[in-house]
Every structure is written in structure tokens, then in C-alpha cells.
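Take a look at the structures listed below.
One chain, chain A, links the two complexes that follow: it is found with chain B in the first and with chain C in the second.
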Partner chain A sequence: MKYGFFPGCSYSSAAGYRESIDAINRLFGIQLVEIPDWNCCGATALFSLNEFKALALTGRLFALSQASGFREIVTVCNACYTTLRKANQILSNNPEIVSKINEDLSKEGLSLEGEFSVRHYLDVLYNDVPEETWSENLTERLKDYEVACYYGCQFTRPWGDIDHMEQPTILDRFIERLGFLPVDHSARTICCGASHAISYAKECRLLISRIIREVRAKGGRVITTICPLCQFNLDSGQKGISNPIPVPFFTQLAGLALGINASELGLDKLLVPINRILSRKL
Partner chain B sequence: MDEKNLQNRFYDTPYGRKILKCIQCGTCSASCPLTGLMEHGPREIFALIRDGDMEPALRSETPWYCVSCYQCIARCPQEIPVIDLMYCLKRMSIEYDLVPDSHKIPDLYRAFSQVVGHHGRISEAMVMAHYGMLHPLDALKNISVALELLKRKRLEILPQQIIGRRWVAQLSDREKVRKYIK
Partner chain C sequence: MKYDKPKIGVYICHCGMNIAPKVDVEAAVEFAKELDHVSIAREYKFMCSNPGQELIKNDIKELGLNRVVVASCSPRMHEPTFRKACEKAGINPHYFQMANIREHSSWVTRDSEKATAKAKDLVAAAVARVAYHRPLHSREIAVKKSILVIGGGIAGMQSAISAADSGYKVYLVEREPSIGGHMAKFDKTFPTLDCAACIMTPKMVTVGQHENIELLTYSEVVSLEGFVGNFKAKILKKPRYVDEDKCTGCGVCMEKCPTKKIPSEFNERLCNRTAIYSPFPQAVPKTPVIDPEHCRVLAKNKRCGACEKFCDAGAIDFEQKPQYLDVEVGAVIVSTGFKVIDPTPLVNYGYGRYPEVYTSLEFERLNNATGPTSGKILMKSGKPPEKVAIIHCVGSRDVRYRKYCSRVCCMYSMKFAHLVREKTGAEVWEFYIDIRSPGKLYEEFYSRVQEEGVHFVRGRVAEVTDIPDNQEGFGRLTVVAENTLTRRPKRVPVDMVILSVGLEPAEGSGDVARLVGISTDGDGWLTELHAKLAPVSTPTGGIFLAGCCQGPKDIPDTVAQAMAAAGEATSLLSKGTVSTKTEISYIDPDLCAGCQTCLNVCAYSAIKFDAGRGVSVVNEALCHGCGSCSAVCPSGAAGVKHFTDKQVMEEMEAILN
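Entry: the complex of A and B
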């Protein structure tokens, strides 16, 4: 299994995301080949300011991926995932824009043509790694541990093709496959406020606490996420509250279920500590 | 300000005319997580535009509060691409110099865009440094989190520099291209 990989800017500083993904990849022989010299995808900020720049930035990414032989690009961030997919859709319907971008790209010796498929690493782990491979490698030790899955808002939307737009279950199904007990709750795709948390911290705290309260009420003992910004907002947004809920990445939980040593999963990088809770179970 | 002219400009953008299908049901405004902060929800913004009240629509803070969460789009019975219309309003407000001064998100996005322009990638710390020059209080509020990150070796000050950063920097502001987008 070999894919073009777009890590995005928040990947390397995210709490143990890279560590846990590297560990899983080693175990299953998955190769994520980083797109050389990738640039930021621009996300909501660039689309808000200047659409051509936003499309040129994403166009460059696709061109770089094409140059290194990858038509399939794996992302690990919801914003990257939706931004690349959106750009991909606009570009494939607008050849005039592609030729404008190509004029610019030729200065870098790059060019862009054809279709790309953009995927999330969750999709890879759930759909490309066969179920038997998982069951052969799982340890039993975290059985029935209550996990609340938080998808964030941009993973299933606006297309709703990977799963239901408001009540998706793919992460719950994944978590269940690992042996955890997914708890039912209604905050799966409620927005956490994204980067507005910087400028409108107080207001976004309300959004975040609504998610935390819902999870707590439904008995979730950890909240798992699939996006560095979701993770950061839910983790840092609990500062000062009593009994905060740990927010590990889904890959960290997968690592634990696979029996990978906790020290290899970057769990000590989470702001709300998880080790104490896990040690009771481990 | 020629309101009629602005209205036509808006209608001529790729999704502009879609708001003619809006049935004013208010599902978008009721679903929006940021609606409590908005003076007008998305529904009202579309009503303003249809009435030709373009200046209040373009000066509105609403599009800048929009975080692209797609909640409204998931529910709109008329399949109106609310986010794309919000993007369009934001870009038009820049073009006509009507960006609301009171709102902080334009500064945040500009800081983000500057860092991308210089380095090709961002680091949260660098975006904060640019943004913090205009809004020092917000930057101060984030210092305790920054220290927590530092303790866990997660604070990256400088963004990683890419080879193509000069290419990224030279991307001219070619707003015109917008008209090609279908």
C-alpha cells in the first residue's frame, strides 16, 4: 500500500499524530510518500481572500503529486481534505483556470492535468487494510473502553459521499473494530469554531464546551478525533474545567489496540493527560 | 455606491443567482453554530441582497464569522451553496473596500496569507506573531497554551521553508480569474 501524502502544516506539531501514524504504517507496511516541497493548501483563509491564489496553491500541490507519480493523495486533516477535494472539483470543471495556473506553474517546471483522488487516512485504515489484518493484530486489553468519536464538521461535508453528513458512523465502526465501545452522542459533526478560536476565544469556548458536555452526558471516557485542529481545540479548550476528557487521535487509540507501546504513540504530548486513565485499564 | 451595479456584480459571480431560489426558510441561520454572534444570519443576508441592499450586505460581519462548517449546506432544502456565497461576499467586500473594521477575522486571514506568501507553509506561532501585532490581547491570551506546547516539544516557531516559496510569493492577485469559474 503506497500513497502520495499531504501532511499539512499542523501535522508535525500535532499531539502524537505523526508518531502514531508512523507506528501503524511500520506494522502494516503502509507507505505514505510525502509530496516533495508541498505548500499550505490555504483552506478557508485563502478562499476568503483570493480565489485564484487558493486554487493556484492547491493546483501546485496536485502538480507536485502528479510529478511524483501519485494520483491518489492521502491527507490527515479535515481542512486539508475538504479544501483539496473542493479545489479538485473546481479545477476539473474549469479547464480555463487550469491553463492559467499552468502558465504560472511552468516557471517551476510543473504542469497539472487529469483527475486526482483525495482521501483521508481514516478511509485508508478502514477500507484498505483488510478486516482480517486488524483482527489478527489486535490485543484484547482495551476491550469495551467507552470512546466518543468526534468527526468535526469538514470530513463528511459538503459531499456526504464517504458517510452521512451529520451522523456519520465510519469512525465509530473503526473504533468498534479495534475493540472499543463507541458511545452514541449527538456532537459528532458539531463545529468547534476552527481558527476563530484565536480571535473569538470566549465564543468558541461555548461551542467546545457544548461538545464536551454532550460526550460526558453520554458516558464517553475519551474523545477521539481525526484532525489536528479539532484535536487542538477540544484538548486546549478544556483548560480550567474539572475532570477534563482526554482527546487522543484515532491513530493513537488504534496503536494502543494493536499493542504498540504507549511511548511510541506520542501520548505524552496530549494536553489533557490520558496515561492515568489508560494505566487503570492496561 | 451604485447598489444596482453591485447587485448585478454579485449575480454574475459563479453561484450568485442561486440565491433567487432561496425560500427564506431560515434553516441555515437556525443551524449555524456562529449565528448567535451574527447581526444577520445567512438567510437575512440573502434577503438584503435580493432587495438590493448591497452595502449593508457587504459591510456585514456575517461572512467573516462563517467558519465553513457546511452545517447550513447539509440542511438547506434548496441546495444553496451558502459557503461559496459567503466567500464571494468576503472577496467583494475586499474589492470595494467595505470590509468591516470591527471584525478580527480579516486580520487573522491576512496574517495567515502573509505567512503562506513568505514561507509557503505556516506555523501557528508565525501566524500569531503577525496577527498579534494588530491584536496583542488575543496573542497574550494564547501564551499559556504556547508554553504548554513548548513543554511538550510541540511549538514550532518558524514555518518550514519550501523551495517553491518564491513561486508562491509571486502569485499575483488575479481576482479577474473569478469570472471564469462556473
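Entry: the complex of A and C
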């Protein structure tokens, strides 16, 4: 399993994400080949300010990926995922924009043509790694862990192809496959405040506490996320709350299920410590 | 009058401002004057008007015209008008040809010169064609003085009563065990708040007892053959396992049936029924049916027979088999109704996830005196709600589901609001996009409900969630929307949510359409002949529409349309005969090789093989003139009158020159 990889700005910076992703890749022999000289994806901000520049930025990523022989690009962040998918959709339907971008790219000796697919790392782990491979490698009995899956806003919306737009279940199914007990709750795709958590901290605290309260009310003891910004907001947003809920990445939970050492998974970097629960169970 | 040399009159219509400014009508007239065989060419503002028609008639009489071309609109509407004018002036109506320079030219061409050029081409083609027209004559065929009505809701019932009252035999076919349709499920009707049962039950009884109505419930039409005035229908009577002649409708069987936990379809699955059941207490006929999927005897081959043991009349008959009934009718009224949109795919409204989210039809039952709560508005906990939200336009006016407005939801939502206020005193919040209340006393009802203290929030609801915002929301549902008038988000905690779901065509209405040979539109509604001027007729002669099968409508409109359909059907049949079509196919017996290829392609079974003469013969009454036989005939024996090779080729030549 070999994929072009767009790390984006948060693969290395998010606490424990990189460590857990790398550990799983090592175990399963998944190769995420970093696109050389990659640049910022522009996130959601640039598209609203200057669509052409945003497309040029993402177009360059596709061209770089093409130059290194990859038509399939894997991302680990919901914002990268939706931004690249959006760009991919626009570019594949607008040859005139592509040719304009190619004029600029030619200065670097790059060009953009043909079809690409953009995939989330969860999609790879769930759909490309066979179910048997998982069951053969699971070492821990984790049935007593009630895990609430939190998808964030940009993984299924507006796409609705990999899973249901409003009520996705793929992460729940993945978590169940790992041996955890997914809990049903109503906060799967509600807003965490995203980057506004910095500029509108007070308002976003309300959004975050709504998610936390809902998970607690439905019996979740752990929240897992697939997006670095969701993880950061939910983890850091619980400051001052009594009995906070730990928010590990889905890759960290997968690592635990596979018997990888907690320290190798960067679990010690979580702001809300997971140790208390871990020490009781493991 | 001699017809050997064509003398053609050409009339070019301005159609008010529809054709004239775009097409240079004067130039077209001058052009037409120069065409072969044209004796006169004129222009007029409205050719379809009386003076326009008089123009044609006078010219025929005074100039001895024997062919007429009118260049105007689509022949769909006015070809019959002009043909009739020709006939009145003494020439065969088929010595007429229409050139469509409105839909085919002025309306669809930006450039005036191009539009004029195209109009000229079309006129030239019509002139070239009409010169080769032949006179055609139709025959009168006697009709059957009976009517088939498919669907026994309020539309079908009213059609049946109106037609039966005027002396026609009516076969009313309903697939459910009782007539009544959706209206039988309602408790009150807007805007007058009449009790639905009070106004409906007498009609159901009338249908059941009318000497001219043969009521066939628990039955389906399986095939329809023939043509206007002479249809043959095959009707399947599903086995009820109860003898209708012996059953007294006492209901003991239902009390004794041990299989009691089957969700009641009539009650929207909010409560249960038995395996032998009658959908509701006022059902017509009263004879119950045994549900073969759940009955211990029929489904599981067990020894039970409780109903049989307790039936004093000896009406239970487990050996009943499906029966087929053949009836002959002159006309068919389709009134297959609607179903409500299933809101399950709109997951953000939580239907199916949260027990206190109801569809409007479920709420109708909850509010109905014969429903699961005997008409008390109660939550599943048994308590009355203190706050209720009603969400409009669920599935309607939504590009992801149904684009159209379902027309009845605003009004029934306000009816609900009134009933909730009246029965429980609960606070009611209506979330709407626009309020649509166009109807007699409808707007007044809207005002009344507002005065009753119902809150109206303009904004499509984003979601219904069980995540509380505060203490007030605990254990409740929160409705999230943007109030687009105050431009503020709104989060309202409520106990009960009613989804005002839109309407869709009934299950199987497409099958019925195919069966009777009519078409459906993109949304599945049955298509009328003309949206404004022939709203209950269809392009297929003798087939009429009534009620919601044609599109969403409320009870007053449904009843009006049902009466109209009955009126159209009876006026068709009252004359006693219908004319055969003239533009139909013929098979030249001198050329026919008897290969019978045409028999296989004829969709109307209108061609029979005459073994004696060794040729295929067209039944003029059945033929629709589609031309399939003519296209496949290897020897060129089959052709369509008024669409002969010569006529079509001349028309094309003129366009291409």
C-alpha cells in the first residue's frame, strides 16, 4: 500500500498524530510518500478570498503529486481533505482554469493533467486495510471502552459519498472493528468552532462544551476525532471542566488496540490525560 | 366542388405580440403569395378568433379555396379549431395544414431575420404538403355506458357518486379493504374545522349503497384494453377469506383473533391490529379481511381458526382464491391519490431516531377520535406536550427531495396548531419558509391561528436535536433554525415535533398510468391533457383524472376535480357514440405479403391477420396511428393516413429547398 501523502500543516504539529500514524504505517507496511516541496493547501480561508489563487496553490500540489507518480493523495486532516477535494472537483471540470494554472506551473517545469483522487487516512485504514488484517493484529480487549466518535464538519459535508452527510457511521464502524464500544450520540457533526476557537474563544467554548456535555450524557468516556483542529479544540476547550473527557486521535486508539506502547503513540501529549482510564484497563 | 387542382389559402397569424414583431408577417405573406397553388395569402392578429375563422370560411366560399394553411401556434390547441372552420365552409377538414411559427420560430429565435426566414420555410412546407392531402372520414362507434373508477379515496368516491347519479353504471375499484383513502384518517379539515368523519361517512355509505355503483374493494385493475368508449378491464379481487355476502360486520372475529400485535397501517403503525381486521370502525364495506401474512392458519399453517369458531354467520372461508372479473366500460377515471413523503432520509429532523418526532399523518391519527389515543394529543410517555414545534416544507420545496410546493401543508400545519392549542393549551411554534394560504377563508384561518397565540418563525429548520442548551431543554428536543426575519439563530426546546411532510404520487400510481396508457411527469404525477383548459382529461381518449394523482391538492379542489372528471366522462358517453380517429394506419391488401411483422410491433393490438386472404388488417377503432407498422413493413404495404410518404417528402423538400 503506497500513496502520495499531503501532510498539511498539522500532521507534525498536532499532538501525537504523527507518532500514531507512523506507528500504524510501520505495522501494516503502509507507505505514505510525502509530496516533495508541498505547500499550504490554502484551507478554507483562501478560497473565500481569492478562488483562483487558492486553485493555483492546490493545483501545484496535484502537479507535484503527478510528477512523483501519484494519482491518489492521502490527507490526515479534514480541512486538507475537503479543500483538496473541492479544488479537484473544480479543476477537473474547468480546463480553462487548468491551462491558466499550467502557464504558471511551467516555470517550475510542472504541469497538471488527468484525474486525481483525494482520500482521508480513515478511508485508507477502514477500506484498504482488510478486516482480517485488523482482527489478526488486535491484541487488547477493549469492549468496556465507551468511545464517542466525533467527525467534525468537513469529512462528509458537502460530499456525502464516503458516508452519510449528517449521520456518518464509518468511524463508529472502525472503532467497533478495533474492539471498542461506540456510543450513539447526537454531536457527531455539530460545530466545534474550528479556527474561530482562537478569535472567538468565549463563543466557541459554548460550542465545545455542548459536544462534551452530549457525549457525557450519552455515556461516552473517550471522544475520538479524525481532524487535528477538532482534536485540539475539544482537548484544549475542556480547561476548568471537572472530569474532562480525553480526546485521542482515532489513530491513537487504533495503536492501543494493536498493542502498540502508549508512549510510542504520543498519548502523553494529550491535554486531558488518558492515563487514568488506561491504567485501569491496560 | 372539384378537388383536382389545389387552390390554397394561406393565413399568417400575429398571435397578438407573440409572433408579429419577431417574424415579419408582411414579408411572410408576400412570400406565401408566390408559392405554387396559392390563391390568396393574408395576415390577421388572432386567426383563432371568430373573425379570423370567418376569414377562412369566406375565402373558401367566395374564392373556391380547396386547401387551407394557417401559420400560427402549435397544432395541439387549435388544429381542431381550424379543421372545424374548413368543415363548416364545406371542405374536408383534412384539407388543412398548420405551420407552427410560434413555438418553432418566434418564441425560440432571437434574431428577427432568422425567425422570419424560418417562418417562411415552415409556410412553404405546409403549402407543399397540403397540396397532397386527401380527404379522410371518421366513423361513429357505439360506446359502453359504464365507467371504471380506480381508487376509492374522496376523489374516486365523489367521481363515482356523480357519475352514478346521472345514471351510469360505475365500477369503483379500491386496493385497500375499505374505501375512504386518506381523508378517512383525518379528524378535522381546514379551514372550517368540519369533522372529516361527519362529512365523509355519509359519502362512503352512499357509495356502498348506490344502485349504480359496484364497489370492488381489496381489488386491483390488472389490465385495460380497448379504446375510448369501449374498454375491457380485468379486475383482480384479492381473497378476503371472509364471505362478503354472509358477513354481518359484527366484529366478533376481530375480538377473538389471537394475533394482535400487527402494526396498524391505517393508524400509521402507532398502534396494533389483529390478523383479521377492518381498518377503521366506519369502514365500507364492513366485511373484514384476513391478513394472510400474519394469520396463524394462512401463514403458519397452525390450527387456530378462532375467527371461524366464533363467526355465527359462517362467513370465514380460508379456501377463498383470487378472482378475476372482466368488465366493459366506456370511460375510466383514475383517482389513485398520494402518499406522504417519508422523512427518514432527512436525518437532521430526527424522524425514526427520536420517538417524539411525528409525521403529519401520524399526528392526524394521534388527534383522531378513533386513533391510538382516542383523540387525546399525548406523547409516548402518556403525558400531553407542553411545547410543540411544527416544521413546514419537509421534503417539499427542497431541491434534494421534491422541488414543488405540496400546497396543503401550510394549511394543515395551522390546523394542527389550532388543535394543539385547543386540546392541550401547549405552546406551538411553527417554522415555515413562506405561508401559503390561497383559498376561500384560508388567510382568515391563518390570522385566527396567529391570534390564538401560535408562534410563527420564518426559517427552514436546520436540525432537531436531543442535545439540550439549558435546563429547560433537558429531556426534550431542541429545534434549531434561523429566524430570517430577525436574522438571529433560534433554538426552541419542545416536547413534540410534527413534520409537515409533503405529498408524492401514491405507491403504484406509475403502474396504473402504464396500465391505462397515460404518462407521468418528472415527479410521477399523472399528466393532464392541458394544465389550464383540460385539467381532468388526458391525451388518451376516455381516460380522466381526479384528485391528487394529478398533483397535490386539498379536499375542496379534489372534490371539484372529481365532479369535473365525472362530468367529462358522462358527457363523453351521453352522446352514445364516439368518432374513430382518421389519422390511422392502413395496410394495402394488394401489397401485403402476409409476413405479420407489423403484428409484433403494434402496441395497441390493432392489427389482426386475415388468414383467408393472407393479409394483415388494421382495426380502425383500436389503431392510434403511431406508425410503427409502417416503419417495419418490408413491402411498403403499411402506411399512415395523413402521413403518406408523398406528403412527408413534399413537406421536407420544401423546407430543404
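Just so we're on the same page, the second predicted complex is superposed on the first by the 281 of 282 C-alpha atoms of A that agree within 3 Å, B and C clash if a C-alpha of one lies under 4 Å from a C-alpha of the other, contacts with A are read in each partner's own complex, and residues count from 1 in each chain.
Operating definition for what follows: a contact is a pair of C-beta atoms (placed from the backbone, for glycine too) under 8 Å apart; a residue touches a chain by one contact, two chains touch by 3 or more.
Everything quoted here is computed from the prediction, not taken from an experiment.
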Partner chain(s) touched by A:167 [first = chain B, second = chain C, both, neither]: second
Partner chain(s) touched by A:90 [first = chain B, second = chain C, both, neither]: first
Dominant contact partner of chain A by residue count, chain C or chain B: B
Touched partner set for A:190, first chain B, second chain C, both or neither: both
Partner chain(s) touched by A:60 [first = chain B, second = chain C, both, neither]: first
Partner chain in contact with A:214 - chain B first, chain C second, else both or neither: second
Chain B versus chain C as contact partner of A:236, first or second or both or neither: first
Partner chain(s) touched by A:269 [first = chain B, second = chain C, both, neither]: first
Residues on chain A lying within both footprints (that of chain B and that of chain C): 166, 190
Chain A-touching residues of chain B, taken from the complex the two chains share: 33-34, 36-37, 63-65, 67-71, 73-74, 81, 83, 87, 90-91, 94, 104-105, 107-110, 112-113, 116, 120-124, 128, 131, 135, 138, 141-142, 144-145, 148-149, 152-156, 159-160, 162-165, 167-168, 170-171, 173-175, 177-178, 180-182
Chain C - residues contacting chain A, complex: 347-348, 463, 465-469
Complex contacts: residues of chain A adjacent to chain B: 9-10, 12-15, 37-40, 42, 44-53, 55-57, 60, 82, 90, 93-94, 96-97, 100, 104-105, 107-108, 153-154, 157-158, 160, 165-166, 189-191, 193-196, 198-201, 203, 207, 236, 239, 268-269, 271
Complex contacts: residues of chain A adjacent to chain C: 164, 166-167, 186-187, 190, 210, 213-214, 217
